[in-house]
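Take a look at the structures listed below.
Across the two complexes that follow, chain A remains constant while its partner is chain B and subsequently chain C.
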Partner chain A sequence: MKRKNLRFYFRIYRKILAQDLKSKMSYRADFIISTIGMICTNIAGFISFWILFRSFPEVNGWSYHEILFLYGFSLVSLTPVQCFFDNNWSLRMYVYSGDFIKYCFRPINLFFYYQSEVFDVKGLGQFAFGIGTIIYSWSKIGLPLTFLMVIKMIIFLITASLIMIAVMNAAAATCFWITNSFYVMDLALKFKDYARYPITIFSPVFRFIFTFVMPIAFIAYYPSLVILRPDEIPLLSWLSPLFGCLFFWLSYKFWMYGAMKYSGTGS
Partner chain B sequence: MSGIIEIKNISKEFKVLNRREGLKGSIRDLFSRDYKIVKAVDNISMSIPQGEIVGYLGPNGAGKSTTIKMMTGVLEPTSGEILVNGNIPYKDRTKNAQEIGVVFGQRSQLWWALPLIESFRLLKDIYQIPDDNYNSMISLYKSLVDIEDLLHKPVRQMSLGQRTLSDILAAFLHNPKIVFLDEPTIGLDVSMKSKIRTLIHALNKEKNTTVILTTHDMGDVDALCQRIVIIDKGKMLYDNDIEHLKGFFGSYRTLKVRPAGDIGKQAEELEKELKNLSVSITADDEWISILVNEEKSKVMEVLGTIQKTHDIRDMKLEEISTEEVIKKIYEEGVE
Partner chain C sequence: MKLKKYLALTRAGILESFQYRMAMLVMVAGNLLYLTVVYFFWKAVYASAGTSVVNGMTFSDTLIYLVLATALFNFMEMYTVWEIGRNIQSGKIVLDLLKPMRFRSFLFWSYSGSFVTQFFFTFLPTFIIVCIVTNGAVPLGINLLYFAVSVVMAVIINYAIDFMTGTICLYTESIWGINIMKQVIVLLLSGANIPIAFFPDTMKTIVGYLPFKSIYNTPLTILLEKNPDITVVAEALGIQLFWCIALLILSSLFWKVSLRKITVNGG
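Up next, the complex of A and B:
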């Protein structure tokens, strides 16, 4: 048996993805309706934003376009969790029915195998929205467009994505203990809405929570400081890629620990 | 010679919360640390050589699935040793998975939306099956069952029988050394059952695959298994040839009679009338089966008693069936 390296997993994922997309086409109505839903959600988000900023031209030293930048940033960084880790939402069903055990019999990584099963195309619409918002606010703020800036942007978008993935993994994995993780996941998803605002508007207690307990400040705020406020970048911003990897790794370990513990007692 | 599966004195214990009754009890349970230990598997040992089909039997909740989960590496035994193909399943779960195939009766492991052939291709990649082996396996399948139509049908559109068949084919695809089949014929019609039995038998012969089969259908056992292992309440009751087991019950005969009139009603009457002859009675659509232990009462005596009060249209005498043997063991154990 050959060793299973990253290339092996990448190839498997590509194949599963291609198959999944093929089969998605067979549910056309579902695809169209959910895409429309996604667009409506985003438009509603924009409108509430716009209304808010008609009354307050700036929030705590942040201008309308800067906050818009944060918003776009958070949309893009939420795309990977939406696209690649959407099966987390079904985890509780598999655990409840006992069907989860079927994932334990394959000679590949359990976490990978489980997540690879679903690719959510809807995330791509959100991605396009987010990119559009970033480009618009970028030009309005008058940020310079250099190679270095783009690289920074990409690195910090990946960081932010990792954090969001970590939060959802951990929230989903709670179902290995409490069976119904929907409310935990829903809570986590609600919290992510706060990620759109500069963390300085919250009280110190919440600032601490959003940084270390529920690290949503890393989803948009800390990473985008690097772009928006190049003169006053806090240490936490530079550390955020590290935190991204760390949180992701921890959530993976937590997920796997739960999975092994669960299959120990389930059905 | 040591077997492909070697199990020595394994036990598995679960911690179960002592539940109290009523709403009050449920609230108190929330804070309770009052656990009791349940032994799902209690000191079981067995050795299974390569190429054997073993029927693993026991009533519901006997510990069959728990044992299988330990052999597949999903569960870690509380004590004892398991070696599957030289690996300790729990420690080398993925390595072990490469050499085994698993089918759980009603839980398809295939990709729901994909046509079967696409699932096969994915499995080919996951198990890293070389092209030659893959192609020869597919042509073997084509020679054994009619899968042309099935190959291009998404799993979600298949009937239960087709799905089970597909699952079994998928489990054998990477030519594993051992295949675990957990109630593969559950819920299937007679012709599908026989199709699946023939398939399992042929694959076992062709590839010398060891098969561990759990089932409640004695038809599966009669068609496939030489050796059976019976467990109940976590303890092993029996591990030997099926013929040997029937030897225990050599003095038993099954007398089948078909009376005139309603079978169910007459079976009930017979139950009362034959009370002191120590027989056990079951009835199906056509026959009333009376299991007679010749050491206690003679078949002729039983027949005579029946004829006095009932009009018998037809009758036959049979050896004890596997089904009745297993039923007796579940009820009374092996002396």
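Up next, the complex of A and C:
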């Protein structure tokens, strides 16, 4: 069989995306309400943040604006998982009902085809909130705005987002074994709220866990150090793009391994 | 006997949740991990604050409050909105409406089984661990009785709000958006994420007039009170009782009006 190249996949993705958006647009009320819901979530997040740091002006040597920067960074790096990989949430239902089998019979990459089916537009609102927060805190901290900094920022944002994608892929793929992966995914999602705080607040054991086992420290903390603390960048920060790719690759293999093990429900 | 038919539903619910043993195990383990994260986070926050009492709450007060708030959330979350919404979309609601039981009671009692299992598998272990970890910072006395009464009313208030939100789905056909809005509003304004004691004064006043406070803040504040003043407790419970009755009547009226509008596709 001819190996499909990247351009082929890109073209297919565009086509599937257009269909998905069309079908979403036919439920206009749902679309609008969901968008408002997403905006509410972000506003509530900011209110909680504000209430908390009203009482505590700094945490562990990190100032209010620096933590706000981490917060914005995590919002942006969590956008891709929301936009492009939202179909993971439905995986358990497809597996449970047996409908998953339909994905196995397409002559393209199974993982790609499954994920491409849904594009979640709501995530773009979060993206806007995140970018706004980063710009605000950037100017408040007084970071210099150079071309190099922006490039660094973009590279680290992209690689950081791979981590959360990896975590959610792995969490969703557990449904191939335990059927109901909702609890695992819900839990993984809960932890992302703590990804936005400096990892130094944890004890060494948990620092290790959140760096290597459940790598949420790479979502905001390690990559942000490159921008926020340019004088004392640990090695792990520079390695974070590598870790992003590695964890993504691992989660992909895990997901595919589960999918290959899948034997249908017989219906 | 009238109660017997309800208790049959409870029993079925308990048996059902035992079917998903793996999911339950993941939930208990995940919950403990999550609580550890909360512990470290607040410890760091208090360590940076410089004083041991912030907004009238010590570190152990805040920890007990938040940990038990999470436990209460797991205990009370019934996914009512999803259940009603999905039943409307699939048309299954017709079958439930035909049952010789009011729909609202039917839904509540079918969940009551998971109340029992959740109580023993998440709430109780969490409570015991918290008591041990904080070295008896949880006062064990008459306040436990008040707490129990308060939690029962909190469950009813929470259910009434959920049920009303679910009824909105009859009109909108959007589940995700409606549910996320409800969840965000309830969790923020009930003090489940951040204790209401931390709120700025104007927000405290506003929250005081809303029913959400009665879900998490009231039972937990009652529990943490070392020398409960009977008039203060009676007042808090009275407000809860008021909201209980008001919301039950309101949700029942809203449901009755909406039911006339119901359109079911197939079924």
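Note that the second predicted complex is superposed on the first by the 260 of 267 C-alpha atoms of A that agree within 3 Å, B and C clash if a C-alpha of one lies under 4 Å from a C-alpha of the other, contacts with A are read in each partner's own complex, and residues count from 1 in each chain.
One rule holds in what follows: contacts are C-beta pairs under 8 Å (C-beta built on N, C-alpha and C of every residue); 3 or more make two chains touch, one makes a residue touch a chain.
Source: prediction; values computed, not measured.
Between chain B and chain C, C contacts the larger number of chain A residues.
When the two complexes are overlaid on their common chain A, residue A:S139 makes contact with neither chain B nor chain C.
Applying the stated contact rule after C-alpha superposition, one finds that A:S55 touches chain C and leaves chain B untouched.
Residue contacts after overlaying the shared chain place A:I36 against chain C, while chain B stays out of touching range.
Across the superposed pair, chain B and chain C touch chain A at no common residue. Of all residues in chain B, only 14, 65, 69, 72-76, 93-95, 97-98, 100, 102, 104, 107-109, 111, 113-114, 118, 121-122, 125-128, 154 touch chain A in the complex they form. By the touch rule above, chain A contacts chain C in their complex via residues 27, 29-30, 33-38, 40-41, 44, 47-48, 51-52, 54-56, 58-61, 178, 180, 182-184, 187, 190-191, 194, 197, 200-203, 206.
Chain C makes touch with chain A in their complex at residues 20, 22-23, 26-27, 30, 33-34, 36-37, 40-41, 43-45, 47-49, 54-55, 172-174, 176-181, 184-185, 187-188, 193-194, 198-200, 203. The touching residues of chain A, when paired with chain B in their complex, are 1-2, 8, 11-12, 15-16, 19-20, 22-24, 26, 98-99, 101-102, 104-109, 117, 263-265, 267.
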